[in-house]
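My questions will all concern the structure given below.
Letters A, B, C, D, E, F, G and H name the chains as they come in the text, with residue numbers starting at 1 for each one.
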């Protein structure tokens, strides 16, 4: 008897379908730690109730293990480990959010943010591989970044790029610490702590490698800018 | 020869006077760890250059140790340990930011946020002592909070209020973890980690007890809502 | 010469057969870290002395590696990684224990608790996927939960559900922190610390992912309710 | 202008007066971190609404700094740092809870539990200074402890007494780790972790030095034993 | 070009052949982290200079990957992951060291100690699976243990057995914390910290899972008992 | 009502008078965390039952706060914060234990070990301020140290002296990590961890700053050397 | 669709080609965490712009997964997991840097330093397996080491060799902590902390296992010795 | 009998007078944790043997508690808590070391480095309060810093200045993390970890708040630049 054969009945799921109406963000499926059986039940139950669905932390092997109908229906991106079921709204107007990386190893996490924004119809300006060891790289982009309402900064190791950006732009700055690095990088803890103690005022942080969280926080901020 | 007599010459200060023009937030003085001599030099140098100045983490004893002219000139608030030199702009329009506390021990940190917002002419709606152990308290305020662009949630110990608020409002939610509690509260680390791992999507965090940081982050978000 | 061939003789085991008479809980086999040879010796020695035996943390591969007679004799559940050798007593009367999960990733750990209760003839009411991000889910179940003597709350990440339940029910509340989450979730440490610092009074905690421990603690509490 | 003069208005308090009706436990005042002004406002507001009030972590100096009317009205115990305003119900029947300490340095924390139980009219059997280095001490009390529905075990350092008691009694065992010890005791973290990983099945834990939490958990367990 | 082909020349080794003359303990090979090539060079260089050689943390796969001549020459024990090249002296007289385990999962680490003692011609009395949850198990062995000069106690999780033994025997007690357990066991850190903060006086500790270290420490203690 | 007036009755103490007969080590009073009232009750109860008594971690202020009869009766040493009530046996024969310090800041902890040994009639050879930064200092003492059955090495910061001594002497080596240092010394954690991971085989460790523990461990080792 | 097919376009890279002109050190590729596609794009873009390129943390499997033209063009060393594309300058003059290891398990990390130095045309003197447990090994090399401007000391576990070397040589000492060891070695954290708290004055540290960092720091020091 | 009266005899000190000849750095007195009596004995013993002596971490109160002859003889600086007994050599030539601070709270630690350099006759260029939140401040000094052989960067909180400097200058960069900050700054651990994981290559680190260590490391580097 294998795990999925013995899997739980449908009673293990209680969807919060009205979440989008309440807070502007729909329920999303964090796939890590869920069995193929659970994922398929979730897909089956939501696909008839929701116009589209975002899946995060969906490992390529887990994606390919799904039934063929799901593999074909899902728009999968291996770099960000995200899947999207159903269509996304087209982006309206220029990008209001910029997503910046310190190094190319931070790309996957940054792309999780970009894909999440796209799921909600928000374009993102991507600026990659501009860590402070070559400071000219970020200084060249200063004016571009200043035009965005929100700047998400994905950085691991020392996370120094966050503070530099925080000192250059007036908009909201969301630190997205990544697990890039080893030893004293401690799986992203150092970059996270550095973000929280940034010498630049008013910098905000989300969890390590949480591109989804950075993007949904940006969406909340864009909500906040709607006329009251 | 005492510490202040032997203190450093003026060369230990390099003010960033243009910070407000660049990012919309002026330089602020974190008073903890600075000697009376350093604080007085800072006050002397900035008072002729800046229209007003915010001082944070100014212990009551340090405030009273300043020269009389500064004691009299500074508007000091002991609960938040903040001082303001010079006038603040009047608040224009209804509050766009709400500041919520889980318990009355979180008040000082929350007031640091309120005072910082006031320094920039932003009113704040205060909602106090509404921890989740008595859930009706926050549920009663749900509609009020939904009307604000930003909700700052000051909570120590388990920090559970952050996630509950995050599930109730569409605006930006800034977790302000506090050092309230003992033992496994670990000086606010538990509340901070809980905020970073909130099951509510898009919650943001600042450093433990950093009411100033939460408020300046809220100001950045309000910047972001200006017409582009 | 392989590990099991070279394995220790029977002298490495000292069973505490009278444990159930002494404290009402029988010896159980934590299978993680034991070789196939050790497990088979344990099964052989106990099967003639005890009416039934509970095996926890028995990975599916380890279960399938046992001799066929054991594979056939054991009632195995892959979701909870538990095996039961021998019959369990039928549950008498309505469930006195409720087992609640914050998300569907917490299911395996919760089911370990449910299976352990069943081993002792206690039914459990299961309430799944009711995390606080959609607060209505737990509020809808408030009356149900209030009717139970013990509520076990399995939650990872921020563990906020524990405090919310603790504020809603008068019975014993056992936090069962899970390792669901990443980054600042720190393998369940954050949920554990949040449980220990709950703002709701009188909440109790067991080790991370210890569904067995939560269930046996519930059984002790039910022992406590017997007439003296 | 001093801290209390500048203190917050009454709006910083939102009492949960119905908590006792809802969960059987009344709101209690954690005094650490509250100013004299805050404490006096809390006393004034609650004394007309509640029959009695428990104050925990009330340092002797803070107690003596209260207005004379409160100093006289409060029954203060310096060992446990608790104060009780108003009368407690008389204990009915024999003790159902035992409170055990490993060493005499754990006494203050244990007494916080005893005083909390007394506040709710529950007697406690106290067994002190019976750490496992002299194992006969706890073995001599085994039968006594087996007669109690709940055994609270206050222990710091290695916390080994918890596991020994857990192997001897059938009732609920609540580990109350204390900050007794130094170095690798890490302020109680080691005793807490040892409780959570106890080799005795079904042991429960509360926060370090949280005598109040252990007692309220015991009260919840006694609630659970009422007929349904 | 593979790792071993490109491996370092013999210049990466500087043997301390006179260690045994100096401190009574010969150089031993910690195999974890060494390549097959390195291990074979070490075996070649030492086999002509030393009468015998102890290899620790030699995974079964690494052992089998060695050249056939070494596989045949080495006495390998998979439970303890130790290998012995060359003959060991016969044990003289009754065992002066006892090796005790709390549970059967601690067996491998304990056997590393037993094998190390055997390498030096010291017999060991083994007492297994006597954790404190069934206290009678260790109490039954008290007299036996009191007759040994050194008692090594291998225990993971709460490590409570260490303190109980420390309170029962007059000889040297060496805590050998093991990584048995999960969650708050933190890979053996809790058992280690508990050993260091034991309420029994004069308990000593070695590193987590360091059976070799416990045995060599016992050998030093036996050295100390030689007539001066 | 002050703390001592309200202090617990004599029932908070359960002496283990037979400890010395059982394990060769008498009960000792760890004074930190005990009130003057508790200490005086302990002194009164034990002084008629035991020939002498060792008090550790007795701050000078706590010592001086005792009743005059106790101040006069106790032999107090401020460097080690130890007090001895009653006479100690005269040391018989040459020292079998050496106590070594890396720096003069480690002196107090080392002296706690020396005083504990003296309490049991064991002389100690003291070798101070011989840290490895000036390696000649310890090399000059190598022969002296090799003549001792046990060498206790008190070292903070990097704790490197422990490994150097471990490589030079054949007897038992007890690392006594101290809290000397700052920053990454982490209150002695680094020295403790270094001792546990010593590259010298068979090194043993006690808790940070636990001079008493190192000495009682040495006494156990000397017990072990008695003829069986 | 696999990861590399779906990989990011070239826009994820922003090379800092002028780094060598600015600080004397060229951009290097940390290969861990980069996909084969990313590595090949980097190789293609840089090979036409830079005379040579250093690749670090290039696992053998990742190296072999590159297109044949890169496998053939890269000089790969499996021990250090480094690859070099293009020619290195010949070393001029005698070695100014010594690289020392405590044990043979530290070899890979040390060789990363040696290869990095070679990439910049600096020879290194290698001294291996000279840990302090056999102190004569390092003392024999004292004069050799004193002749070098920089000594890099690779050591894991207790890291004691760093302090011993720091007390013997006048040149710059760079501690290169390694992850050798287990348990309290904590993946190199103990060796790192020991280096930072060395009792030898003026010792410097780089990150755990960061042979590249140690070598580039040595190169900066050699830059510093050029005439100004 | 007070601590100093009962203090240890002169035998607790073993000076390493030849350290300067051996490694170019003289023994220095770390005053924290030493009693007045110990300090005076050290001063008496060294003043006749050494031309001058540096005292670090000498609190102002400890300095003033010394005998008048020492108070008068010592050149004390309260900002850096350093004292110098005897004359320092005059600085020869322009400064080869720059000492940079991120904020004015880092001044004391930086000055400890400056005073240590002065003790050895090395001038230092001081550049203060140039944190990255106002990036122009450090960019303005880039050319100045590039002219120095060594740049010491004192920074707390996020420590981001270290990486920015590391990307701008070719000389040796020594990160001097400070304990400035609160919460997630963790007493300097975050700045330390950020330095160790700097994205700029070849950055070196010393312990938190260890200005003395940074300066002596700089001196070693200057030693390294002498002709061989």
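Heads up, the rule we're going with is that a residue touches a chain if its C-beta (ideal position, glycine included) is under 8 Å from a C-beta of that chain, and two chains touch if they have at least 3 such contacts.
Remember, predicted model here, so these are calculated numbers, not experimental data.
Student: Over half of the contact pairs shared by residue number: find the pair among A-C, A-B or A-H that meets that against F-G.
Tutor: The pair repeating the interface of F-G is A-H.
Student: Given the two chain pairs E-F and B-H, which is bridged by the higher number of C-beta pairs in contact?
Tutor: Most C-beta pairs in contact, of the two: E-F.
Student: Need the CA-centroid distance for the pair chain B / chain F, whole Å please.
Tutor: Going by mean C-alpha positions, chain B sits 48 Å from chain F.
Student: How many angstrom lie between the centres of chain E and chain G, each centre taken as the mean Cα position?
Tutor: Spacing between the chain centres: roughly 34 Å.
Student: As a quick test, compute the distance in whole Å between the mean CA positions of chain E and chain H.
Tutor: One centre to the other, that is 44 Å.
Student: Please output the residue numbers of chain A that touch at least 2 other chains, ranges allowed.
Tutor: Chain A, residues with two or more chain partners: 19, 103, 133-134, 166-168, 183-185, 192, 196-197, 200-201, 207-208, 210.
Student: List the residues on chain G that touch chain F in their complex, please.
Tutor: Interface residues on chain G, with respect to chain F: 102-103, 131-135, 139, 157-160, 162-164, 166-168, 181, 183-186, 189-201.
Student: Can you name the residues of chain E that touch chain F in the complex?
Tutor: It is residues 19, 22-25, 28, 96, 147, 149-150, 166-174, 192, 196-197, 200-208, 210, 212-213, 215-225, 228 of chain E that touch chain F.
Student: Within the complex, which stretch of chain B touches chain H?
Tutor: 1-8, 11-16, 18-19, 27, 30, 32-34, 38, 42, 57, 177, 179, 187-188, 192, 207-210
Student: Going by the contact rule at the top, pick out the chain H residues touching chain B in the complex.
Tutor: Interface residues on chain H, with respect to chain B: 60, 76-79, 101, 103-105, 107, 111, 126, 128-130, 133-134, 136-137, 180, 182-185.
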